[in-house]
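Listed next: structures, encoded as structure tokens.
What follows is chain A paired twice: with chain B in the first complex and chain C in the second.
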Partner chain A sequence: MSTTDTSVDDASAGGSNKGGSNASDPTADKVAGMKSPTEQSSPAPAKSEPSGVMRVLGAFTSQKLAVVLLVVLGLLTWLGTLAQIEGGLWATQREYFESWGLIAELPLSFWGNEFPSIENQWVIKIPLPGAYPVMILLFLNILIGGMMRFKRRARNVGVLITHIGIALLLVAGFVKLEYSYSGALALFESPENGVGVTTRAYESSRFVSFHDYELALLTDKGDTIEERIVPEYDLARARYEMVTLQADALPFSVQVHHFLDNCRPMPKGPMSRSTTPVIASDDGSPAVYLQPLKVDPERSNNSAGAYVRVMVDGEKHAEGIVYGLEMLPRERRRFPFTFEVEGQRYGLDLRKVIYDLPFALRLERFVKRDHPGTMTPADYRSFVKVLGDGPERDVQIYMNTPLRKDDFVVYQTSWGPQINGRPAGGPPWYSVFEVSKNPSDQWPMYACFVIAIGLLIHMLMKLIRFLQSSARTTLTA
Partner chain B sequence: MKTPASSICLLLLLGACSDKETAEFGPPRQVPKEQRPVEWRTATYERMHVPEMGAQRKNANGQNPGASNAGGAAKNVIANTPAGWEELPAEPRNFKNAVWRIKGEPTTSCYLTIAVGGGVASNLQRWYINQFGKTAAPAVEALPPVEFANRAGRLVEHEGAFSGKPDWAAMIAFYNDGNSVTSLKFTGPKGIVKNNRKQFLSLAKSIRLASRSPNPNAPAIQPGQKMPDNHIPVGQGNGGQGNGATADQPPSPFTASAPEDWQAKPGRRILHHTFGSGSEVYVSQLGGTMKQSLDIWRGEMGMDPMTDVQFKALPKTLFLGDDGVLMDLSGKFRGMTGTEIPDARLLVAARVDGSTITFCKLVGPKTEVDSQRDAFVEFCGSIRRTQ
Partner chain C sequence: MKGLRLPLLMLLTFVMAACNRPAPRLEGGVSRTEAWRQETVEQMASVMVQDNGREKPLSVLAAFRLYDIHGRRDLKYSVKDGSDKETKFMLEPTEWLLDVICYPDQAARYPLFRIEHSGVLDALEIQNDGQKLDFVYITYDQAYKAGAKLDDLAKAYFNIEQKLRTTVEEHILELWRDVHAYDRLQRQFGTFHFSVPIADAKLQQAFGTERVTVGTIASHADQFQGLLKREGPEMKGASRDLLAVAEFVAGVIGYDADGFGVFAPTEEGATEWLTIGAAFERVIKGQRGHVVDALTSLQRATSADSILDKERALLQFRDASIAAAGSHYNTVQIERETYYYRASWHYQAIHWFLFAFLIGVVTWLVPRNKTLWWASMGISILALGMLSYDLTLRCLITGHPPIKNLYDTFLFIAAVGVLLLLCTEFVMPRRIALAAAPFVGALLIMFARIYEVSNAADTMDPLVAVLDSNFWLATHVTTINIGYAAALVAAILANVWIVMRVCRLSHPSDVPAKALVRMCYGVTCFGLVFAVVGTILGGVWANDSWGRFWGWDPKENGALMICLGQIALLHARFTGWVRDFGFVVWAGIIGMVTVFSWFHVNQLGIGLHSYGFSAGLRTAVWSCYTVQMGFLIVGTVDVLLRPSPARAAASDKTRPPIPAG
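Here is the complex of A and B:
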């Protein structure tokens, strides 16, 4: 993404295009070893035609491509913003910004109303590349076109630094997408008298993914629990067929089937018809089945479930349902489907992915201040105690002031109980944090500094050149 | 063109390979128990976070969950077994909370099902269309009233081929609380069923459900005995309708500021208030979609279901802390329990609340409701959850 300024610099440096028809963009299609169309048509000594590789390289490095990519990015951002109204943030992010391609839909409206009618609204379908490949291309464009191809002159150093900053910004986005993870940590206010509800979470050193599930095989080892994890990705096929899970050290295998992205357990009665298997219970409860529910576009609103069958020596040993409803912070315990094989107790738990923290947080107090006469919060913040190897310390976490510790960042995101953003009842409050581990957490800030420094240098050099040229003109006059 | 096509095939193949039929459990890792609090042996209903399953289990098996109920009907079901009939062991797992049949007639069956979901409409459809092959099920208002378990219920009587058996007949007494239906169903050969109609009605009338007595040592309620006015609601297998009147029930899930001239009415309904000569307001929840629910209330006013355009055009009102729809209907009201108001006005505020529809309904004579419309809107705006 070389800028016009750069082009002018290049042109002036090369000196061949000044005042020509391509003066505003003399280097757009030129890379090292290539000539511009103007040069090719001149009677200068003939040089060999650029090779195919150089042509491709030329295309990658052109300013035109940079402009097209930026326009596409703008289009994706606009259409993605519209799409998330109906489609939800998670699904739209996946579709528009993390995919390789998509068909965007733009519903037509007239003066805010559906056009031509509610029942038969017109929708324009636009095939677009996803933001992911667009940004990769943009990165290459900047890397090759804006930096490698660049004439390394002192006067270009500011622009070069700016390009490095933009490239760093894109790299930070890539690293975040590929290597970061985040989730929610919700805690109730610790009771002042120290006597709380045993099932509630007041203190925790783990957080759970917003969206992703895992199936955990738990083995009761007395003082510890042995966990073996199967990520949701490996259960994908269980949505429409049987997936068998095994491990060499285990005397059984587990078959998973009827994986449902959103469902609820239902007692089987004479009135209910089930499209999924009905599992009889051995504890006097009615038989139960998982009722599929419409998948909410906002993925965190869904509760996944699946059927599991424990097989020992090829025979069915136990059968049950695993249900992934997350109840934190009201319920910190998990309720796995349990079974015994060879006298050892096991559990299968479908749960949101659990991440352990190297420290623990305890919520001492949550404070929410509303705008006068409304229930809209003007400010809400959590007073937490950080517990770890070192001494305990008190920290306030509030909007734009997260806690950063051991490569984790803890943001204040929400509170409860509430219904659609309105308080539901009074204290005890619970506070919800987003915990994120992102290796490139601070890179965007560094990138902004680099870009700012680059632009500053460039502007100063321009100013100096302008002043020098003005002085020369004055002297000449 | 070959290159892109083959590339696409390769990508698809690679994509297919990523979905595996078998997978390995990850490597074992040891985690302290405090880090992973686990309840190993819990009842299915607790593990699944479905309290109504526990309620059904309790209803079905009395004080001894999991034990068989060989002594006949569960202790919480009291009834006068008609002469010539016999009581059989309950089959709670099959949702038969009490079972009878005519002595010496093994083809007959009469059983009580307490508070199962599905709603009235789908139950009627099941009884008429699925089981007896009828082309349509009648509206609930068209069914004759019947006294059943100390409640105003409706009676279904029909005959035909029942699940492939010709000349069969069924009599079903039922009532509902929202989506939850309690029924007594009697099936058998047509002649026998018809001859035992009186006995069936007498059995339906005699049934008493006392599943939630706060005092387990209290004497059993007697057949035909009326519940005291302040008695806890009975027969509510589904805990969702509770109003906090009992020691083991949670308090009302909602709270609101009611106008001074409304009288709070104790009972099983949530935020139940009355005013005037017979207008009543209450909050409840239903399954299904918003439009289905609204159409049910339109049906009570003798109106056809809404079109999508009408549905989208409904005005909004503050309800449960957010936008809900407000439906305002006038006409002749005929409720599911048989209540009739010739010149009525019905106001409903409703919104989707998780997987249910939570609504506040006001119905009464038009002249009374007209003056209370603004109060109703204000009341709806003040409703909040208590937990």
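Here is the complex of A and C:
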């Protein structure tokens, strides 16, 4: 119980206070093992001015920049969490974490209540960069400052490994954001006698995006349907203006307008008023229009719709609406807007993006087991047959145990039919899977190992140094 | 000091008066004139029932029902005898439940439902005195009389969005839920208090009585079946009495449909236990054996006049129900859980922690006394052992790693926090961590007990499917909570530094203050390892269960904020942007972020980790923020008002310069 440990090696207590010199010089930026720009350009005299490139490089390597970025990212995370209460996850994620900049809002509250009143809550508006550029800068900072220009000394090996792990984690996040996609696949239990209802899906090698739409132009080829796809981002302007779609091989063009993110088709009655165009029918059925609805913060709760006009030789040939309500799994059928040009039958279908799987899944059986006497599921799992090029394979997919195959991952997410979490209608059950393709699927796990190893090495070395210096100090005293 | 005497005395008087609140009076006399024998209570405590998805001792069910309905661990009342002498009584949960079963009239007059706003009484037209005290209790009888009004109001308020409801509206909804919870409980055994008079001689002969009860029907089920068969399915020629009995039987079968399971299932592979009504239906349909004995014993327990006869019948019911459960009765588990709650090791640990804390404080006055140091350290280790044993028992009972829900986190973080501080004290024996360790332990266990009662949900309830993974519970959940514990410990040490500076107990350049910063730094480094690894492991788990590594879910964000805060702090220290004061302030802020991540995000009502809202937790969370902000503001003001040590040394020539390092 010595009281003389003021001379403990301060490097072990942070590295910055060696002999008190660095702590007294807040501008010193090299104590954690990082080469300063000046050191990098040696053997130039210490007093010489670094070049412009080195200054820029120095800025990227700066730990001070890292501190600022980390604090901004923390602030964004906090504000983004609070924003989810009103804005929902999807919209907040886009605004705070996937954007380049935003005006963040902090609603004031006191003791959990709106301040000063629920009707008139004060909101502080803070301009901030989005998490996306912040993380890019952080990655560059780690890459250049924390890895490339880092002093390669034995005592820094832990920090270096940790920085490599964090960089890998950020890369994994970037790859996930830019190159992954996911959606849902819902299958009914296969009937035991093999004879099923034709409109139900028991087996599929396709899955449907959660959020994104596409406009499919369908050409009736008799036995088959030929599809041409227009992705949603090509229709984005149709929210405000007319978008014309033209293909060289087709004798017509398609104009899309009044694209609505959430709407429902309504028959036009004598008393109803519409702010959107009304489509009259030639066959005597009621005129219809798309009624705009408030956009739900959770995008998957919305159903998009749009007006389409088929133009032949610059003249209006047909006009209708396309509506993106998801019909699966109850109905496989869809009801596209159809028309004929030069004797060929075509269809236009606004639908969630459909992705192909390199294998097919058939749901053999779905089992749900509740905790006794409750409606809380203890376990629910799907017994699935995987059909592909090779032999058929039986697998079980359940919580925390997805199927990983051919770079795709299939997760058990839900089941039905149910109303408010309670079974409705009885068997046959259908099972809902999430299907995801993410090239960086397992990278975070590898990063976790790397970071854990790096941190452990670094902290253990620090502890050992600290204990050794404490022992030395005690002996000296 | 003399000037403080009067306020201290007044405070003490106020606290004592508040603690000595008179027990509410039981009006209308008592039916049970003697106390339950301890032996009976203990025996009945280990009767096995199934509730909310798991088998548990009756005592546990009684305890959590009482927490839920009454908001306390015990029920107090007083009785005035003929000579105007008032006698106080205190019932343990099992005793209260036995009263509900055997003395429902008396139980219905217990002061049970806590009313914290006189507006609730006014709305229900219950006579009141304008609520002189800060809360009062009303009885089930009173609530029952106001039942129609209560139902109407609850229906109306239920349709109002929660955040727009007034305090009175919220309380009325809460009361409605509590009254219905009690109603369900007393209905469970209520059928034993009903009887059907029969005048039909044939029926009297068949049942051997002039009044038919659940017990008599169960014990004469063959005769009753014979009577029914004789009348045929249409029962056109049945006597009025037989029809009345048949109607009574149908009523009993459905009377407690939403109650807890009392009898183990007899079918192969079945897991759902039977309520009394469901078991009675099986008996009517031909099942015999121990279930019949259990039903008739319960009938005797509810019908007998003397408490001794009731107790005897209750013990017979216990034996019969255990025999009926057969292999479903897991003696080891039930006795272990009964013991767990009876021994309550974590509660005992509080006392030892407080004792160790006091000794730790005394060591500040006599710093050279090693005996006291070892005494405080030894007692803390002893209390930590008790807490660890408590956690171990919980693991054995549930079959899962130590953390399964929010309640578990309190105990686990308390244990890790104490361990961390004791280790810190061993490494840097400054007597600060020595006193802080038991203080943190006692405080967090007390929070756990408050949360247990206010949340009123069995803390060992089974897990939902996604959480039912011992691998991830043992890795991610444990790791991240160690990270929480370290961050909180660092914040507490930071607060101690601020207090020492503000109270001039130590100069910032003095050895103890420097040592505190170093402890804070070491604990932050330790916490960072676990926070980072725990957060990433959580992402890996989410990738296996929800299909994405990171979803910006509030709980994930909370964990990330802790990591970002700690990494930024360490880098800021490297760069020299923060020194001692900056470091402790930053550590204090990370403490608040930890509270945000630990509790607050669960109450935002969004995300995959939300567990619902509790007003008690909201108060706790905002109290933590307020206290921590108080420390930071006071510390900052002190730093602004008092020059830094370096400047003070430069300006004050009379003071010797502070040595570097």
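Throughout what follows, the second predicted complex is superposed on the first by the 390 of 477 C-alpha atoms of A that agree within 3 Å, B and C clash if a C-alpha of one lies under 4 Å from a C-alpha of the other, contacts with A are read in each partner's own complex, and residues count from 1 in each chain.
To be clear about the criterion, contacts are C-beta pairs under 8 Å (C-beta built on N, C-alpha and C of every residue); 3 or more make two chains touch, one makes a residue touch a chain.
Because the structure is a prediction, the values reported are computed rather than measured.
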Query - Touching partner for A:66 - first (chain B), second (chain C), both, neither - result: second
Query - First, second, both or neither for A:141, with chain B first and chain C second - result: neither
Query raised in the report: Of the two partner chains, chain B (first) and chain C (second), which one does A:209 touch, if any: first, second, both, or neither?
Result: neither
Query raised in the report: Should A:382 be classified as contacting the first partner (chain B), the second (chain C), both, or neither?
Result: neither
Query raised in the report: Between chain B (first) and chain C (second), which does A:118 come into contact with in this model arrangement: first, second, both, or neither?
Result: both
Requested in this report: Report for A:190: first if it touches chain B alone, second if chain C alone, otherwise both or neither.
Outcome: neither
Requested in this report: Could you tell me if A:336 is touching chain B, chain C, both of them or neither one (first, second, both, neither)?
Outcome: first
Query raised in the report: Between chain B (first) and chain C (second), which does A:97 come into contact with in this model arrangement: first, second, both, or neither?
Result: second
Report summary line: Both partners, chain B and chain C, contact chain A at residues 118
**Report entry** In the complex with chain A, residue positions of chain B that touch it
**Finding:** 18-33, 35-50, 52-54, 56-57, 60-61, 65-67, 92-95, 113, 116-118, 122-123, 126, 181, 308-309, 312, 320-322, 355, 384-387
Requested in this report: Provide the residue numbers of chain A that touch chain C in the complex, in ascending order.
Outcome: 1, 3, 5-8, 10, 13-17, 19-20, 22-29, 31-32, 63-64, 66-67, 70-71, 73-74, 77-78, 80-82, 84-85, 89, 92-93, 96-97, 111-112, 118, 169, 172-173, 176, 182, 370-374, 376-380, 398-402, 409, 411, 413, 434, 436, 438, 441, 444-445, 447-448, 451-452, 455-456, 459, 462-463, 466-467, 470
Report task. Going by the contact rule at the top, pick out the chain A residues touching chain B in the complex. Result -> 118-119, 205-206, 217-221, 223-231, 233-237, 241-247, 249-250, 264-267, 269-272, 280-281, 283-288, 293, 321, 323, 325, 327, 332-338, 345, 347, 349, 354, 356, 375, 417, 419-422, 424-425
Query raised in the report: Hey, which residues of chain C end up touching chain A in the complex?
Result: 50-54, 163-164, 260-261, 271-273, 370, 373, 427-429, 462, 464-466, 468-469, 472, 511, 514-515, 518, 521-522, 525-526, 528-529, 532-533, 536-537, 539-541, 543-554, 557-558, 560-561, 564-565, 567-568, 570-577, 579, 593, 596, 601, 604-607, 618-619, 621-622, 660-661
